[in-house]
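Structure first, commentary second.
Chain IDs A, B and C follow the sequence of writing; residue 1 opens each chain.
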Amino acid sequence: MSADVFHHIAPFVGFTYPNETEVPWSELIVIYPYITGLVAGAFVVSSLHHVFGMERFAPISRFALLASLCFMFFAPTPLLFHLGQPTRALNAVITPHWTSAMAAFGYVAGFYVCLLLLEVWFSFRADIVAMSKSRTGIMQKVYKALTLGSDDVSKSALAVDHKIARRLAMIGIPGACGLHGYVGFLFGSLKTREWWSSDLMPIIFLLSAVGSGVGLLIVLYVVTSWWRKKPTDNGVMEGLLYVLWTGIVVVVVIEALEMVQMIYKAREGVEGVFELIAGPIHLGMIIQWGGSFLALAITSIMMLAGTRGRALVFWLFISGLLMMVGVLAMRWNVVIGGQELSKTMRGLLTYHPEVIGRESLMVVATLFTAPFVTLYLAQKLLPTVWEHDAKAHH
Amino acid sequence: MTTQDTKVEKEAAKLSRRDFLGLLGKGAACAGAVAGAGAALASAGGANKLGGVGPTYQQEDAQYAEARKNPPKIPNYNWTEHKWAFGVDTNRCIGCLRCVEACKMENSVQMDRNHTRTWVERYTYLEGSDHAHVDSIHDIKNVMPGSKETRFVFDNRYKDAKVTKSFFVPKLCNQCEKPSCVQVCPTGATYKTPDGPVLIDSKYCIGCQYCVQACPYGARSLNHERGTAEKCNWCYHRITKGLNPACVEVCPTGTRIFGDRTDPESPISQFIRNNRVNVLKPDMGNMPNVFYAGIDKEVL
Amino acid sequence: MHKHIVRLLTLIAVVAVVAFSARYLARQDTFYQYGHYRGASVAEIASKLPKHQGSATCQTCHKEIYAEWSSGIHQKATKNNAIQGVVIKSGPGCEVCHTPAGNHPSKEAMPLSVEDRVTTITYARKGLHPANVPDRSLMREPADMRILCTNCHEKIPGRPVRGAVAGTSVPVQAVTDVVGIHGVPQVVVEGHGGAELCTTCHNPHSPRINFASVPRSPVDPKTGKALPVSAEKPGDAAAGKTVAAMCAGCHGEAGVSVNPEWPNLAGQHTNYLSDSIKAFKTGARKNDMMGPMAAGLSDADMRNVAAYFAKANCSVPGGDKAKAELGKAKAAAAGCAACHSSGGLRGNGVSGVSGAQAWPNLAGQNAAYLTIALKAFQDGSRNHAVMTSVAKTLSASDIDNLAAYYASASCK
C-alpha cells in the first residue's frame, strides 16, 4: 500500500481518536457553503428590485440574478470532488434517506437551479427573442432554441412574464434562505462536535451568506464597471452600502452571541474550544473578525459621513472584499476548525491542506474561478444584462 | 415496568413513528431543513428500547414483518433469532494490540495507523496529575519500527515515570440502538439490522463521510481504496457462521466478550449480569451495545 | 394562455416525468425490503469468508506442535472459553502469533470479499491487501520473536498487576518478578534474558519452564536451524594474557582460583566474563576486590581478558557425592537447566554448560563460590531478574546440594 494514501493526515496533540487524524471534510467542504452563500446573497439583492421594487437596485438586479445562477451551477461541484464514490452521487437522490440533513441536498439544489433558470429565462425572454431574430448562424439556432419556439413579446405576454418572475422571486427568497440555512443545519445538527453543535448555526450561515453575497456583488459591480469603462451608479452603491452594513452588523452580533454562549455555558471541554481558537485556527479567527470589524468600521464611517462618489466606490469595494475574505475565513474556521477540535474535546489536530490533488487548494481555486468564467460567458450570451446603464441614477 | 406499561409505550412509539414518517413524506418536497428537523424527531421513535429482538431503528413494522418472513439468505442463520452484544472487561486488557492487527487482517482494513475499526487506548495518570495522558495506535511511537504501520506495540514510555494509575481501554463500534451514523446517511448505505450490528453496504455508499462526522465515538473512517465508509460490524460474516468476531477470537486475556443476549447463559449475558457495566458517552443518547466493566472518569 | 408558457410547462412536465421514472427505474430491487437500505446487502456482507480459522484447524497438519501447545500454559488459559468467576478465560491460539490462516496452505490468493472488490475512480492504485496475498507466510520473521512475546509479557505500566481483582487465584511463577491477575507474566526485559531471544529458553508453544513440557530445542521456526546466540565481537586471547597477569593473584594464571570462595574462570563463557567485569566497573555488581580491579580496564581489555580465560582449560574441583546426587534432583526441579544447560530446558545437553554466552557455565565451578553467589542472590546483595526470584525458592541445604552438584559436573 503506497504512502500517498495519507493525504489528509493531521498532526495532533492531546487525546484524539485514531480515525480522527484523517480530517474527513477538506477545503472542498469549506468552499461549498461559501459558494452557496454567494448564491443566496446575490439572489437576495436581485430580489430587492424584483420583489420589493427597490428601484435603486434596478441596474444590477438582472446581473445579480445571472451571477446567482452561475455560482449555483458550481455549488455542487466541490461535493462531487469530495465524494469517495462520485459516480454513485445520484444514490442520494434515488433513495433519499430523509432523516439525513444531506439527503435533501440534491432536491434543494435541483429545485433552486430550476428556479433560477426560470427566473433568468423570464427576465431575459424578450431579449432572447430579439436576438433570435437579429443574430445569424449557429447562435441564431441557440437563441431560437432558448425561445422554446415562441416569439410572443406582446405587452400582455411580457406582463405575464413579469408577474411570474416576481412570484418566482418570492418563492426564491425563502428558497435561498432555506438552501443556506439548511447548509448551516447540516453542521449545526451534529451533536458530536461542540464547535458545530449550535442552534444558531443555520442563522449564522444564512446571515454571513447574505453578507458575502452582497460583498461579491459590490466587487463584481465595481470591477465590471471599470472593465466596461462605465461609471458606477450612485444609487446602487448607496443601496449596497446599506445592505452590506446591515448584513455585517447582524452577522457580527449573532456570531459574537454564539461565541459568548459557548464560553458562558462552559460545558465540559470548553478549554478545548479556547485552545482551538488560540491554536490551529487563530489565523482564521484574526482574518474573520479582523475583516468583519474593519468592514464594519469602514461602512459605519461612510454611513455617518454620507460618503459619495469615488471615495464611496473605493471604500465600498474594500469593504466588500473584506467581507468576502472574512466570510471565507469564517467558513474555514467552522468547517475545518470543527474537525480540528477532537470529538474527545481533549485533543487538537492541525489540518494542512494539499496544494495539488483531487482534494486540494488547486481544485478549490479552479472551482471558485469557474463561476466567474461562466458569468463572463453568460453575459456574452445575454448582453442586455446592462441595459439600465443608460438611465443611470444621480 | 408492567406489561401494560410496556404495551402502552410501544403503541406510543409506533404512533409517533408513523406520524413523523407521514410528516416526512409530505415534507420531502419542502426545504431540507424541515425534513432534517422532522428526522431528528422521527429518530426518537423506532428504536428498540428494551434491547430485545423487534423492529429496529427506523424500521417500520411491515419491514420487520418482512425481515421475519423472508430473512436474508444466510445459511443456517436467522437474524431475528439473535441479539448480539459485546463486552469489554478493561481490568483484563494488557494492551497487546493483537485485536487491532487481527481486525485489519480479517477485514482488509487499510494498513496504517490512521484508519482502524478497533483500537486500544492507554490511560496513564502520572503522580500529581488529576488527568490521564492518553495515547493509542495513531501515535507513531506505538507503531512497530520498520513495520510500515502494519504492526503495533505500545512503547514503554512510562517505564521511568511515576505512574499512579494506568490501564488500557479497547474501543470499537458500539453498534448503537440509535446510531447517529445511520441517522445522517443520505443514501441508506448504512443501517441497523434486527440482530444488532450496524452494517455498511459498500456497494451503495457514496463516500460523503457525513457518518464519519456524526459518530460520537470516532469509530468510522473512509477507506480510500473503496471510496466508502468503513467501520467495525462485529465481523458480521463470522458471527452469522457461529464464530466469534476476530478480535474476540485472538484476545489472549478474555478482555473482549461477545455473545447473544437472548441466551441468558452466553458469555455476554453472564458478563453483563456479573459486572457493573457502563457504556461510553451515555449522554449522547445513542444507547451503545458495547458494555464496559472497569472504566474510569477519563474514558471518553 | 401564452404559447411560451404552454411550451415551458410542457418542458417542465417532460423533465419531471423523465426524472421521476429514472429515479424509480434506478432504484435497486431489494431497497426498502427490510428498511431504508438494500436488503440484498445483508447476505452479501455475511458471505465474506472468515480469515481467522481457529486453532483447531491447525491441528490437522501440525499435530506435534499442536500437541505442544495444547499441553502448555498458552492453551491452558483458553479452557474452551469456560467462564470462571466473574470473568471469562481465554488464551492465545495459533493465529494470535502466526497471523490468520486465511486459505493456507493454498497457493492462491484469498478470494476477494464483496467489499474488497469495490473500486472507485478516486483511487486507481488498488493493491492486494496483505491479508489476501497468495502463499502468505503465516509465521512472523524469527527476528520478531522477542517482540511477539513482549507484546504481551513486557512489564509496562497499565498492564493489570497481581491482586487487582479480588477472588482470583494467581499462580506464582518463579521466573518473573510480576505476575498479572490472570496469569499473564510480565517481565522486565533488561536483566531477564539479556539480548537473548525469548525462544532460547522458552518454547513459544508451551512457554512455562517446567519438565512436563515436550522437549524441543530453540530453533528458527522458518528454517528449522538452531537459533543463533548473540554474537559479540570476539576478544583477542593473546592480548588478554597481559591483562590476565593482574588477575592471576586470585584466579590463578590458568583461571583456576587459589581460594574456593573465588570463582574459577577457566573455560567460562566470554560474554559472561566481560559482562561481569563491566558490572563490577559500573558498580552494578559490588565486590571490594573486583571493583577497583575492573575500574582500570577498557572495554577492549575486558573482552581480551575474557577471551583469554575462556580459552583456558577448565577443571573439575569436585564436591560431596551424596550432596551432588540431591543437588542433581534439585537442579531438575528448580529449572536451572533452562539456562544452565547447553540443550536448554528441553534438549539433551551438557548440564552446567550454559546455552547462551550471556550466562555462566556452572560445571567445574567451586562449590564454595556457587554457595556464596546463590546466597547473594537470595539476600539481594547481587541482583538478576531471574536468579533473584529463583534463589528465593531455595533453602540453605538446597544451595549446598546444588553447589556440590555443579562443582562435580563435567565441564567439557
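Odds and ends about this structure:
The rule is simple: contacts are C-beta pairs under 8 Å (C-beta built on N, C-alpha and C of every residue); 3 or more make two chains touch, one makes a residue touch a chain.
Remember, it's a predicted structure, so these values are computed and weren't measured experimentally.
The most central chain, judged by C-alpha centres against the centre of all protein C-alpha atoms, is B.
The greater number of contacting C-beta pairs, out of the two interfaces A-B and A-C, is seen for A-B. Averaging C-alpha coordinates per chain and comparing to chain B, the farthest chain turns out to be A. Mean C-alpha positions place chain B and chain C at a centre distance of 34 Å. Averaging Cα coordinates per chain places chain A and chain B 37 Å apart. Centroid to centroid, with C-alpha atoms defining each point, chain A and chain C lie 62 Å apart.
For chain C, residues that reach two or more other chains under the stated contact definition are 28, 31-32, 36, 120-123, 127, 129. Residue positions of chain A touching 2 or more other chains, listed in rising order: 1, 83-86, 95, 97. Residue positions 58, 111, 188-189, 204, 207, 224, 226-228 of chain B each touch two or more of the other chains.
For chain B in complex with chain C, the residues that touch the partner chain are 56, 58-60, 63-64, 66-67, 70, 72-74, 77, 79, 89, 91-98, 101-102, 104-108, 111, 122-124, 144, 150, 153-154, 156, 158-159, 161, 163, 166-168, 188-194, 199-204, 207, 224-228, 233, 235-238, 240-241, 243, 246, 249-254, 257, 267, 270-271, 274-275. Remark: chain C residues 28, 31-52, 54, 77, 81, 83, 86-93, 95-96, 99-100, 113-116, 118-123, 126-127, 129-132, 147, 150-152, 154, 156-160, 164-165, 180-182, 184 touch chain B in the complex. By the touch criterion stated above, chain B contacts chain A in their complex at residues 24, 27-29, 31-33, 35-40, 42-43, 58, 110-116, 119, 121, 133-138, 171, 180, 183-189, 204-210, 212-224, 226-229, 284-285, 300.
Within the complex formed with chain C, the residues of chain A that make contact are 1-2, 83-87, 90, 93-95, 97, 114, 118, 121, 125, 147-150, 152, 156-157, 160, 164, 358.
Listing the residues of chain A that touch chain B in their complex gives 1, 5-6, 9, 12, 14-22, 24-25, 79, 82-86, 88-89, 91-92, 95-105, 107-108, 174-175, 178-179, 181-182, 185-186, 189-193, 202, 339, 343-346.
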